[in-house]
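Several structures are given next for inspection.
After this come two complexes, each holding chain A, first together with chain B and then together with chain C.
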Partner chain A sequence: MSGIGTGYDVTPTTYSPEGRIFQVEYAARSVENSSTAIGIRVSDGVIFGVEKKIISKMLVKGSNRRVGSVGDHIGASIAGLTADGRRIIKQANSEAKSYKDLTSEAIPLNVLVDRISSFVQMHTLYASIRPFGCAVMFGSYNEKDGAQLFLVEPSGVSFGYYGCAIGKAKQSAKTEIEKLNLSELTCREAIKQVAKIIYTIHDESKDKEMELEMSWICKESGGKHELVPDDLIAEAEQFAKDNTVSTNILNFDNI
Partner chain B sequence: MTSSAFGFDRHISVFSPEGRLYQIEYVYTAIRAAGNTTIGVRGEETVCVVTQKKVPDKLTDPTTVTSMFTITNNIGCAMTGIRADMKTAVQRLRYFAHRFEYENGFEIPVSHLARKMADFFQLFTQHAFMRPLGLAITLIGIDEEVGPQLYKIEPSGYFLGYKATCVGQKEQEGTNFLEKKIKKETKLNKDETIQLAISSLQSVLGVDFRPSDIEVGIVEKDSPKFTLLSEELIDSHLTAISERD
Partner chain C sequence: METVELYNSQEQIVLDDLSEPVKTGTTIMAVQYKGGIVIGADSRTTSGALIVNRVTDKLTPVADKIFSLRSGSAADTQEIAAIVRYYLNILSTEQGKPPTVKMAANLFRQFCYVYKNYLLASIICAGYDETDGPSIYSIPLGGAIIKQPYAIGGSGSTYLYGYCDANFKEDMTKEECVSFVTNAVGLAIARDGSSGGIIRYAIIDSDGVERHTIYGDQVKNYFK
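Moving on to the complex of A and B:
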């Protein structure tokens, strides 16, 4: 059995004796090392929540965005190498523009995701370019198709989801998401739940301070991708802090 | 200095001193490692292809998980292997098929499409800059002149027409099973074709399917449009199979 770094892992053009493409698997590890991002699809829209690490007190709040828009009707959220993620969002915008130029219509989400998956997968075929070290979630809401949420992984595989979590704490986040009754939630209620999940999975003892970034595409935002308004975020954060059990074992208040 | 002296014969598509292409052999392993099995059966007037549908987690929308693709209205395929490569192969098949129709004015014959795709796959086995796609394609369609067609295209560029074929994790077991069931004089009608494909897959995997565990695609002479069977239809076939046994 070939393990890590046994010579079959230098380019994406090499299969290992077990039929694995290690470079693509390593790219997926980049995503697993990143801080967590979650996306959920509820009855009237899609919400993204990102756990942003504050690496320096000198950073202006809101900088280093992990969400982006494609056109104005599709939202995207990144986990992994953010710079790679921005490249993907740029490509998505380019696809959306060329689709609109051709058809005069906004690109449907499943068409966009199909093209982006192929774009990402193409980078796993050649020795001269490396795979993307990020996973990107895409979401949209319109009257005709309702809410839709997709995830594109570094291998180029994409699926539609009801709820999705990527990054370090994705397992715990997924467990929390499964507890929710997604089809009955509205966006307003869901914002609080998303904030609560992010606060729950954030490990205060191990990680640095975090900033919560949330965006939505829903009925309330008129089908446009926007950052969740500040007052709603504040309300959600309060709800989260009130309802999250601290993961710290040592809590000096109780001793 | 031969590249095998540097040990590259396992890393890129060059010959080893024994005349083997290791990278091609590893691609076949990749298909088996992907974990799914596909079975195709050709009857008198119907061709049927069945593949497993595994939905990775509860939160995934199952309507977006599929390994069956329409190439033209009347030609369809099941892909077995690395999921990320499936879209690339489908795009290429569609391109070949529609280009042919545009240039020649009639629908591409299934055997011709299979050959073109096989030649495309072969390119990667000779050029070092790109890896072969980790998939096997089971292509089905009704040819205007020759009738029902079933082709399997392998990543090495090898392709053949079949009466019945199996590819994927349980390839060997499936092939052995089908060889016992299909003799030279075997003539299968529509229901027999579909039920043979489904029951072979059930037997080889050792499980009883629910309708949501598999995808079934068919083409038939009277209605050559490539269609996926609905869950109700799959259920009725599964019931017929279990009542027979």
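Moving on to the complex of A and C:
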């Protein structure tokens, strides 16, 4: 990265002569160092899958969530600095509540994402605050608008996606997602595919042990964001283990 | 000794009346029919016994297809309608689509409830939106919100409960609904001293808003 150490990278309030804001790019880098999270939008809902490193053998299961809910009609999933992501989800919840108080209607996902992007973008403008070191995916499902999936990045940009991947293995995860027929897949089937992708991209030899965390928001869950039931996760993990060819052979690092 | 103040001239009465708050004594009404709604109101605004406006428009739009029917203090209800219009404008810009009647009604509820000690406002919020179709909400004095197939309000409405109970039908045709509304408002004008003037009514459906007036001399006279 040219420009590093030239003094243009200590605050997001200074552009480099090429017009870049290094602090924001560094924030994006912290997302890329994170373990991977994917989200896919299928015919009847949205599924999030997160590869979680088990940081301690004594960790209580479920105490290090990287998916969260906004109200009960929107799901979110984080990659990057988890604490930063949780702050964004908290903000999203407060936006959802204020919208509901005012109008008595649930906040539409596109409106929420617009507000959250402005919030994240605002953190790229001041020398006194650090840009968010995380990217957050938001998903929702209802009869009227169908399934929707958005990604908000540390710079504050947000786009809608059929499938997205963030974190360390985002490239290979994206390649895997692109192979799926998203418009015809149902959530039930997609759970297995998501598990398979997470197992495929997980590098057993290099990475620590991992736990698969999955949540969905779909017709079956009644338009509410929930963790995928344990039995379905177990089934999907079994499917993933049976169908995953270890990619390690192809990984030059391991030769 | 107690002093009794007496009005010594016509002029004094007028002056005293002008210091009364300006109220829309009012008959307002909104009725759902198959595919739309009809809203109607009289046009009298009074300050005490004085009619300060005899052609008032109490059907106040807050969005393209959402109206508020105002009764109570003219100042309060005009201001609330203006604030709600402002909020709906922002919300619909943010969403990229027109607001729903439910949204509008809840904004009215919010202001009427929070500021109930300062306001004299009883509002019917009615309109058409793509999500819920035609809908009517009444927001009475304390700031409650009630969804109804039809709603009546204002001082004139006390004379209408029996008529409406007897004559309201679900899924009327547009024509039936218009005559139901205009008859009812006409009846209230005949009996209620604080309602009068012309009848303003509007038909709101998926195609938009159609406004009409019935002039004072054409309002049906029910005393023969």
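Note that the second predicted complex is superposed on the first by the 245 of 255 C-alpha atoms of A that agree within 3 Å, B and C clash if a C-alpha of one lies under 4 Å from a C-alpha of the other, contacts with A are read in each partner's own complex, and residues count from 1 in each chain.
Heads up, the rule we're going with is that a contact is a pair of C-beta atoms (placed from the backbone, for glycine too) under 8 Å apart; a residue touches a chain by one contact, two chains touch by 3 or more.
Quick caveat, the model's predicted, so the values are computed rather than measured.
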item	value
Three-chain arrangement built on chain A, chain B and chain C clash or fit	fit
Partner chain(s) touched by A:L102 [first = chain B, second = chain C, both, neither]	second
Which superposed partner A:T13 touches (first chain B, second chain C, both, neither)	first
Which of chain B and chain C A:F150 touches, first, second, both or neither	first
Chain A residues touched - chain C or chain B, whichever exceeds	B
Chain B versus chain C as contact partner of A:I177, first or second or both or neither	first
Three-chain overlay, vertex chain A: chain B-chain C angle, C-alpha, nearest 10 degrees	60
First, second, both or neither for A:S118, with chain B first and chain C second	first
Where chain B and chain C come nearest after superposition, their Cα distance in Å	8
Set intersection of chain A contacts, chain C complex versus chain B complex	110, 114
Footprint of chain A on chain B - complex, ascending	7, 10-12, 22-23, 26-33, 56-61, 63-65, 82-85, 87-88, 91, 128-132, 134
In the complex with chain C, residue positions of chain A that touch it	101-105, 108, 110-111, 114, 144
Residue ranges of chain A in contact with chain B within the complex	7-8, 10-21, 24, 110, 114, 117-118, 121-122, 124-128, 149-150, 153, 155-164, 174, 177-178
Complex contact set, residues of chain C against chain A	87, 91, 94-96, 100, 102-103, 106-107, 110, 131
